[in-house]
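So, here come the structures, one by one.
In the two assemblies presented below, chain A is common to both, partnered first by chain B and then by chain C.
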Partner chain A sequence: MYYRQHNYTRWIFVLPALLVVSVLFIYPFLSSIFYSFTNKNLIMPNYSFVGFANYQAVLADPNFWMSFFNSLKWTVLSLVGQVLMGFFLALALNRVKRFKWLYKILLIIPWAFPTIVIAFSWQWILNGVYGYLPNMLVELGLMDIAPNFLSDRTWAFICLVFINIWFGAPMIMVNVLSALQTVPADQYEAAKIDGASAWQIFRYITLPHIKLVVGLLVVLRTIWVFNNFDIIYLITGGGPANATMTLPIYAYDMGWGSKLLGRSSAVTVLLFIFLLTICFIYFAIINRWEKESK
Partner chain B sequence: MKKKSTLLGDIISHVFLIITTIVAVFPLVWIFISSVKGKGELTSEPTRFWPKILTLDYFEHVINDLNFIVNIKNSLFISLITTVIAITISAMAAYGIVRFFPKLGSIMSKLLVTTYIFPPILLAIPYSIAMAKVGLTNTTSGLIIVYLSFSVPYAVWLLVGFFQTVPIEIEEAAKIDGANKFTIFFKIVLPLVAPGIVATAIYTFINAWNEFLYALILVNDTSKMTVAVALRSLNGAEILDWGDMMAASVLVVLPSVLFFCFIQNKITSGLSEGSVK
Partner chain C sequence: MKLKKFFSLLLPIITGASVLTGCNEESNKNVNTTMPKDGQELVGNITFWHSFTQGPRLEVIQKAAQEFEQKHPKVKIKIETFSWNDFYTKWTTGLSSGNVPDLSTALPNHVVEMINFGALQPLDDLIDSIGRDKFAEASINEGSVGGKNYSIPLYSHAQVMWVRKDLLQKHNLPVPKTWDELYTTAKMLTKEGVYGLSVPMGSNDLMATRFLNLYVRSGGGSLLTKDLKVDLTSPLVQDGIKYWVKMYKETSPKDSVNYNVLQQATLYYQGKTAFDFNSGFQIGGVKANSPQLLDMIDAYPVPKINENDPTPALETSNIPMVVWKNSKHPDVAKAFMKTLYDKDRYITFLKAVPVGMLPAIKGISEESAYRDDPLVTQFKHAETIIADAVQRGTAIGYEHGPNVQAGVITNQHIIEKMFQDIVINGTDPMVAAQKAEKELNNLLDIISAK
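Right, the complex of A and B next:
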């Protein structure tokens, strides 16, 4: 009854948000697709239609493929690390009683870091000459000379992934923790009386309850990590020698470095199509879980 | 036997938590310490923990000589206005979804998730072209408009969770007393979800405060830059040394961290209660 009465005033509530979302997403999305078929340039005002030339050029560029595989590596490694760390932290926090609040507050601090400060603090800690970590390794006798992590191709990548795990694990932790708290205590009691092992309790009681939250988190984090620009851009800028170049950085360089906005648009459209495919697969899985739990 | 294994589990948990906590907070501690260490100490003894001499020189330099205050003001202004607009629009939308569009609501919230799939770099290109066309490049209003793109969907999403906790009976009682939709919304529902609104507002504020990519692309006039981009442009410049960078970092990270610790419980209840169920 309550819903049916005023049929149009209810639209006033949702209209501004719908308007913002459509203007800020649909318009730029369509124009990106449009620009990807033109030779739009950052400096020149005139541009013309070039068909699939941008896509052909991009797909033929070995740097594009290298960035793509770097993106995959960056996303998978970061995500596995974030989820595992977040998960173990949540389980540990759920178990302890003393200092729980203190751990929780301190552990989420990385999540609050602006990227520029993530970049400065870690560049400072890892600095090859004055940095705490390299010099500490020398002092402890683990290395002869202070290593310069961020200018080594392999180490730079490892450092970035580590920093991303450091940054993202708290978010997973806090969400898994609050999901853990929705598991009814009497189910645990009953399982204990029946003599279930810790693994069985986890597998048959805990996991089904938190599966959906974790699934959704993984989807959101995958998108976020794959799209991430600032952490990599600010710490290594894609270097050394393109070792940490991912698709968003490649697209940025194409657009604002080489001024080729049309070609850059083609990169971002490809990036989007890839993410969309991943999301479809994820959501198919999550929908199945939802049906199973009903 | 059982007791022993739980004790062992507790010890392992504590050890694990202590180690990860140290790793989590070390960068924050380290930039604080570095920002007050005396000149020369930063580079001469890189692994020394406690400073020999305490100084506020770096802070003074950053604030007085680098015009950093202008950038802090820009960031404050942009984040604040973004938050006010985003929260107003989002609170209305979230309430509308919960109360008036119960079926459409689930479609709408899925739509909001899809906005998340749009790569920020994909949106950045058309944003920069459009802003140049309408003359909003290098303006705070241009940035505020663009910031609504990531703040509105997320705020609606969090707020839906909070509005769902309001019992409909209260609203129906008010309706019988003759209150209209807007009175009910502003006078009855909003006060009930005020804590959720505050948490979402702080979260929106922090996200705008921390944003980098759009600020980098849309603003290149130093006097209009946000703190993040201003710091970036100083990095590598001759005048800025590590002490200055650490002092500036402390100024930028401090409000974020303080607010975050304050609201962290509220944000997550939004995700796990509101959106998943």
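Right, the complex of A and C next:
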């Protein structure tokens, strides 16, 4: 009798979260799968089942593959930059003795700003007419004419990746710094007594302690960065000439530009399958690390 | 066993939800859709979505709602404000989820899409109660299908050419009357930190489509054929594409490849461009950003291909309001809408953006209360030019009457991507146009197939 009551109580506690998850995740998720098999159009009242036609159309579209490879480039470059920068900042902060709190606040600022503010600020900074970065380069005599950061295919992509690294590195820094502070100080002291070099200390003491945290951060950031929409859309809209078009923007254009919600849903389902596969690989690696550390 | 219990709990919930939904549908059948009589007691809460994000216009609407609530204590008006781009996303997704307001503003192209979806209620009774003859017939017809009017115009504006008079005078140049003259003049003025004319091609707005449409309409053509197919490959349209590519390369900042309407207008507001194409909203922008330039700007007719060509019908926007079919209180919505046309309030609303919003109701522009605004007085010439363009023009793609295809041209931004392809990748204009035309016509086929 006691066991049954206990069981119901557990469900009562879980139910609110379950309902929220159902509304916020399961319904949109299932509706996306459902619509991906229909010719649902945002400005037409009726729709019908079309089987795999949307998937065929999407996979045959060169713009889909271009967006996919742009997304891969965007994610890998952003992630590597964010992790390296976050890692470097965390290691540096961990050694700082005075005003650590001030440096922490200053470094976390990019993360604290709403994306829309960041996007418009950078758009303003990089603008070829009144942006102060291009004009400053000319004033300093480094360039003869103001560079066109956002109207050149390569520069536009590089600028967006740089902004994303600048934006995401503080989050990595805070988490790595927390992990660094859990490394027992006596292990460092023992290593120093044994004459270990700085690299050996990092390789055999620091890294094993923080690699699980870094691994989980990489998983989370991969999903976030791959799905990132706002920074790119607000700064370049996927342009110029699709140079910064990634899969989320492609899906948005398909759904809210072309109104082809069915086809847009097929893109999001493919995106989900790809990210799920990536996550499985990541978690397999992390699980292996966990087993090794035990 | 546990699964059985779960479903035994779930079933009543689903049944309950179905009953509730059924109740809603039932109650909708009893909705009063007719225009209420004067003095009739009104009851109900309504939601109004509008796109008047700027302070003065927003304040007029809010004050109107407060006064309406005071007069009708059983009415509550909830106002939600969205930018035009957000608004389009909001209502298209809202239609799928049933989350649409009672009344809203709209763009002319949106209205036909809304009617096509079956999402609007007719407003003939509202228009008749204000006075059908007070509105320009063309503006009413933009929201009409099957003899019924589904939208009511609130204000009008049109695209004209904005000029920096001081720069022209400094170089002793006349106001260009043809596209070739505009090219020559703009090129001469592209120096000393000023660009002749910025050519915007950002793929999150319709600006390149607008510029191309101005050129094509000035030559008597259209971006839609008579059988409502997209035309980007005819000689006239190709000339237009090549013209704007040349202007981009020689008179425009390179960043304009990503510009939307605000970024484009900001250049003119700040005195960075000698020419621009826009409505009377330019005046307010210049006043806010560079008031010292206010005496130096004016509006002129959009250039023609040849000076002796007939005056073309270009782009007019009659910004309308609509009542949504899902509304539970359309009578309240219509009664509130009618109060926005009360003469004093209407003039106050129009004066929130002087010369930017021209009256949709005849006779208002002659009222002394309207004319006594300093900016209306100062920009009398510009107002005359815009008013003339309003009379002649249509929304982009409406040259053959209101149609849902026009929305595809303006809202997909495929023409903007075509321009980007030409100027960034160096793609041949005909090749890029064929690709864009095919893409747009495929989308039209999808709509037509239903």
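Keep this in mind: the second predicted complex is superposed on the first by the 287 of 294 C-alpha atoms of A that agree within 3 Å, B and C clash if a C-alpha of one lies under 4 Å from a C-alpha of the other, contacts with A are read in each partner's own complex, and residues count from 1 in each chain.
To be clear about the criterion, a residue touches a chain if its C-beta (ideal position, glycine included) is under 8 Å from a C-beta of that chain, and two chains touch if they have at least 3 such contacts.
What you see is a predicted model; the values in this text were computed from it and never measured.
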Ask   = Clash or fit: what happens to chain B and chain C when chain A is overlaid?
value = clash
Note = The chain contacting more residues of chain A, comparing chain B with chain C, is B
Ask   = Does chain B (first) or chain C (second) touch A:Tyr103, or do both, or does neither?
value = first
Inquiry  = According to the stated criteria, A:Asn46 is in contact with first (chain B), second (chain C), both, or neither; which is it?
reply    = second
Query = So, does A:Trp256 touch the first partner chain B, the second partner chain C, both, or neither?
reply = both
Query = Which partner does A:Tyr130 reach: the first (chain B), the second (chain C), both, or neither?
reply = both
Touching partner for A:Thr236 - first (chain B), second (chain C), both, neither = second
Query = Between chain B (first) and chain C (second), which does A:Asn148 come into contact with in this model arrangement: first, second, both, or neither?
reply = second
Ask   = Taking the options 5-13, 41-49 or 131-139, which segment of chain B carries the C-alpha atoms that clash with chain C in the overlay?
value = 131-139
Key: Touching both chain B and chain C, residues of chain A   = 40, 127, 129-130, 256, 261
Remark   = chain A partner, complex, touching residues on chain C are 88-89, 92-93, 95-96, 113, 116-118, 195, 201-204, 253-258, 260, 267, 270, 272, 404, 407, 411-413, 417, 420-421, 423-425, 443, 446-447, 450
Key: chain A to chain B touching residues, read off their complex   = 2-3, 6, 9-14, 16-18, 20-21, 24-25, 27-29, 31-32, 35, 40, 85, 88-89, 91-93, 95-96, 98-99, 103-118, 120-122, 124-125, 127, 129-132, 135-136, 139, 166, 170, 174-175, 177-179, 182, 212-213, 216-217, 220, 223-224, 226-227, 229-230, 234, 248, 251-252, 255-256, 261, 264-265, 268-269, 271-272, 275-276, 279
Query = Can you list the residues on chain A that touch chain C in the complex?
reply = 39-46, 127-130, 148, 150-151, 153, 233, 236-243, 253, 256-261
Of all residues in chain B, those that touch chain A in their complex = 9-10, 12-14, 16-17, 20-21, 23-28, 30-31, 34, 42-43, 46-47, 89-90, 92-93, 95-97, 99-102, 108, 111-127, 129-130, 145-146, 148-149, 152-153, 156, 168, 171-172, 175, 181, 185, 206, 209-210, 212-213, 217, 227-228, 231-232, 235, 242, 245-246, 248-249, 252-253, 256-257, 259-261, 264, 267-269, 271-272, 275-276
